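Here the structure is laid out as structure tokens; the discussion comes afterwards.
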Amino acid sequence: MEADTTRKLIHLSFIIILSLPLIFPINIPIPLNQSTKDAYTTVESTPEGSIAVINMDFSTQSAPECYPQALAFLKHAIRRHFKFVITTFESPDAVIYAKKALAEVDLNGYEYGKDYVHLGYFPGKETSIAAFGQNVHGLVKTDADGRSIEEMPLMQQIHSAKDISIWLLGSYNSIPFITQIYAPYNAIMISASDGSSYQTLYTYYQSKQLKGLLNGARGGAEYEDLLGYAGQAKAIMNIQNFSHIFFIGAIFIGNLLYFRRKKN
Amino acid sequence: MSIIRRDLPVWIAFLVGVILLSDYVFSLPALKSTASTITNWAVIVTAFSFGIGALNIIQRQSKVIIRREKYWIYSIVLIITLFGTLGIGLIGTINHPYYRIIFDNMMAPLNVTMSSMLAFFLASAAFRVIRAKNFESALLLIAALLVMLQNAPIGQLIWPGFPILGDFFITGFAAGGNRGIQIGAAIASIGFGIRILLGQEKRWFGRSE
Amino acid sequence: MEEGIGRAVELGRPVHWTPGYGSAEHAGGIGSTSGLSLLSGMTILGHVAKLCAQRGADLISTFANPELVPLATEIIKEAFRSENKLDEFKSENVQFISSRQYAFATGLLGLFQREKIATNIMTGSFGAEALIVAEGAQMLGAFQVAGSDGTTQLPVIFAICDYTLIGEEFFAAAVYLSDDPIQRGALRGQDLFKFGLIAFTIVAMIITVLGFNIVTYLKM
Amino acid sequence: MDLTLLILVEAFCTFAVWSYLYKENPAYRLIEYLFIGMSVGHILVMSISSIYSSAITPLIAGNMLYIIPIILGLSLYFYFSRSYYYLYRIPMALLVGTGVGLGIRGAVHSTIINQIIANISIFNFGMNWLSLLKGVTIFVGSIAVLYYFIFTYYIEPKSSIKTALKLPRYFIMLTFGALLANVVMVRTSYLSGRLIFLWTTDAIYTIPIAIVIFALGILYDKGVLKAKKK
């Protein structure tokens, strides 16, 4: 019975402590990683007004980690006055998040069809990524809401991967893009990742196939710092900090109690 | 009858397994297409099997309802939601707005909430289990602490060496140990698989008659 | 395992067994790569069912893969029949829960509390739901045995359960429980293979360090 | 439907699941049965549409071969028949055969061969001392752990090599510790997703209500306990 009460107390204090950074935003500074910095400078060094692809690909489960990164990419693209198209190749869930992201950012001066297009989801994963690279109009006929893209001025400028200056991959798995887009077209790419795909993608960053790479929510928070706003990734990192302190504390107290009991 | 009952399944399993394996070893186009046909069939048969699962649930829950066992009201809820979801999904396809509501506003958040429960469970387990009872568990504790300090940005603020040390634990020790476990399990699973194909391990088809 | 089942009998509470989720959602199940570990788990089920029949403990088994339900029913029935206790077998105790990973976990948590299980045995192929299930059983103070070949969930299960079969031990357990000389021979063969593999790796490493590139030959 | 209503539903789901941490209760039970019902319904919809698209459509298009998996799939249901139940073993054998075939393929290729290739190329990490040390650690670790799994050749260890034989076990412990810590990070990010939802959307209004309901529930629970004791 006593063990049960302890467990309940731990759960209660856990949720309270993790809520603290949301109630009182305390921003603990996050040291900047080189791979995040590279991602930022890659976008900064791309000329204003270039055409970018922002790929949003994550399921509802990986959204807490991936969405803030994709959003940061989107914000940065707007700040650099890129013309952009939003795509989704892997997880249809992400289309809703893409719409949410477009509603969240300040699209002042942007006109749909002329400066940006939301293309939505194409099934087929890696094969359609390859098809997109070869011939955009062969794969895509309509945008996310079913409007024909043929009349859109932006889409008339995009025919294949050669017309795209930079790829901002806000997805957890960017390897198909590296094999299908980087390898044949030598495209400039930066990528987001989640906790489990970072290690794999890091080797591609080391071999310079990815020009920059964000390490999950942590990379997202660093990127938000660089852009100068505190968004969801920052919030997640604050919670992460608190939770890790909690875990370390719990292990410490657990051991303390154990050794005290052993002594007696 | 015992041929159909006992021997035929073993032979089919053997044949299918051997075809898939020889497709891996030799690259013949005919073999490749046979192998991919078989895997396709397996996916289709698996899809049929979900009906068995549903029948099992419906059978069990209706028993509860008929016998008015404890919590029979909830069983009614279950049956209604099951057929409701099925009905909306089949008649209105999965893009029907109600289906989207069920999926996006109930199933998806429930999924995420359940996986967030893991964090709670980890917290209480960390308190209870990760204790330096002997040298071995002390090692586990040290590895866990160092990797935690690597993962939390605050670790890097305390001492810049933590990330390097933690990284060494994850990509060094853990990678090595993990590789050993995986190779070992792979060897054992190959042995087990071969025994099934040869019909030495027959328990998978239940009744011995 | 015997210890756990004995405990369940003493307390008069049921034993729970599950092969885990086995990536059922993504066309998994025994017709996929997780099939081997699920099947190996099923062989252990045969042993568990036999023990339960001998001692007279209730055995509840839960599934995320529907195609396992008929198999398990037959395996359990067979075990009860060999102990001449077929009339004690309850078909409603073989339960398909759901193929969605977390719906499966939710169902198990509820089931544990309502049935007040005494022992929880998990042998098969697990995903992230393993911790939920294990900790849910732990809340009841249940005795736990687990075995799996995957490495992502093992550390967590290992921390919580009383006995854990790590990776290969899990497959070997199925052999040990069978007492079949041929199978033991097979196990010995595997061990020889492992010795060979270790020797090969060391030799290959030395050759590579000396500057010969043998990796390209291996990749063929 | 109204957006706020949907947020309320979502918040209720979240709190109902978390309430399990205190105790199994009616709210949790309701959500549990709803969740199972929905998910099984969803799975059925998915499998029916996949049967339709991958078996029935090609069959109608004239590919008669697809009659076989349909018959096999249907014969799974012989399991419910008393006299022909054994026929379900035939589709089962197909599944088992496929599973074993794919499983062995995966084990040989992606595990054994790839891992051993990675293992012998220990200098791939680069040439500085830390990377070299890392490569050696992985190499020693994997071999030691593999050695741990040799069951049948057990030699009674002499005291001098006893510590060396413990090395594999130590490696497993270090591995588990490190992996456990990584799990903590991933799971916390899921939890933080939920917390951000609760604190930053309209769901914030449900927090006080939930707290009150929880408190009442706990009080009721304790009260009932006391009454029983008397």
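For reference, chains read A, B, C and D in written order, and residue numbers begin at 1 within each chain.
Everything that follows uses one rule, which is that contacts are C-beta pairs under 8 Å (C-beta built on N, C-alpha and C of every residue); 3 or more make two chains touch, one makes a residue touch a chain.
This is a predicted model, so every value here is computed, not measured.
Among the remaining chains, the Cα-based centre furthest from that of subunit B is the centre of A.
When chain pairs are compared by their number of contacting C-beta pairs, B-D comes first. Between the CA-based centres of subunit A and subunit D the separation comes to 24 Å, rounded to the whole angstrom. Separating the CA-averaged centres of subunit A and subunit C is a span of 36 Å.
Distance between subunit A and subunit B, defined via averaged C-alpha coordinates, is recorded as 27 Å. With centres taken as mean Cα positions, subunit D sits 13 Å from subunit C. For subunit A, the set of residues touching two or more other chains reads 7, 11, 15, 61, 64, 240, 243-244, 247. In subunit C, 29, 31-32, 36, 39, 67, 70-71, 97, 99-100, 102-103, 106, 114, 131, 151, 154, 156, 159, 166-168, 172, 187, 194, 197 are the positions where the chain touches two or more neighbouring chains simultaneously. Taken residue by residue, subunit B touches two or more other chains at 42-43, 45-47, 49-54, 57, 71, 107, 109-112, 114-115, 117-120, 122, 124, 126, 130, 140-141, 144-145, 148, 151, 171, 178, 181-185, 187-189, 193-194, 196, 204-205, 207, whereas all remaining positions touch fewer.
The part of subunit A that touches subunit B in the complex is made up of residues 3, 6-7, 10-11, 14-15, 28-31, 60-61, 64, 93, 96, 199, 218, 221, 237, 240-241, 243-248, 250-251, 253-255, 258.
Those residues of subunit C lying in contact with subunit D across their complex are 25, 29-36, 38-39, 67, 70-71, 97-100, 102-103, 106-107, 109-110, 113-114, 131, 151-152, 154-156, 158-159, 166-169, 172, 184, 187-188, 191, 194-195, 197-198, 200-202, 204-205, 208-209, 214-215, 218-219. Across the complex, subunit D is touched by residues 8, 11, 15, 18-19, 22-23, 61, 63-65, 195-196, 216-217, 232, 235-236, 239-240, 243-244, 247 of subunit A. By the touch criterion stated above, subunit D contacts subunit C in their complex at residues 17, 20, 23-24, 28-29, 31-32, 35-36, 38-40, 42-43, 76, 79, 88, 92, 94-96, 98-100, 102-104, 106-107, 112-113, 116-117, 119-123, 139, 142-143, 146-147, 149-153, 172, 175-177, 179-180, 183.
Every residue of subunit B that touches subunit C in the complex is listed here, in rising order: 42-43, 45-47, 49-54, 56-57, 59-60, 63, 70-71, 107, 110-111, 114-115, 117-118, 121-122, 124-125, 129-130, 140, 178, 181-185, 187-189, 191-196, 200-201, 203-208.
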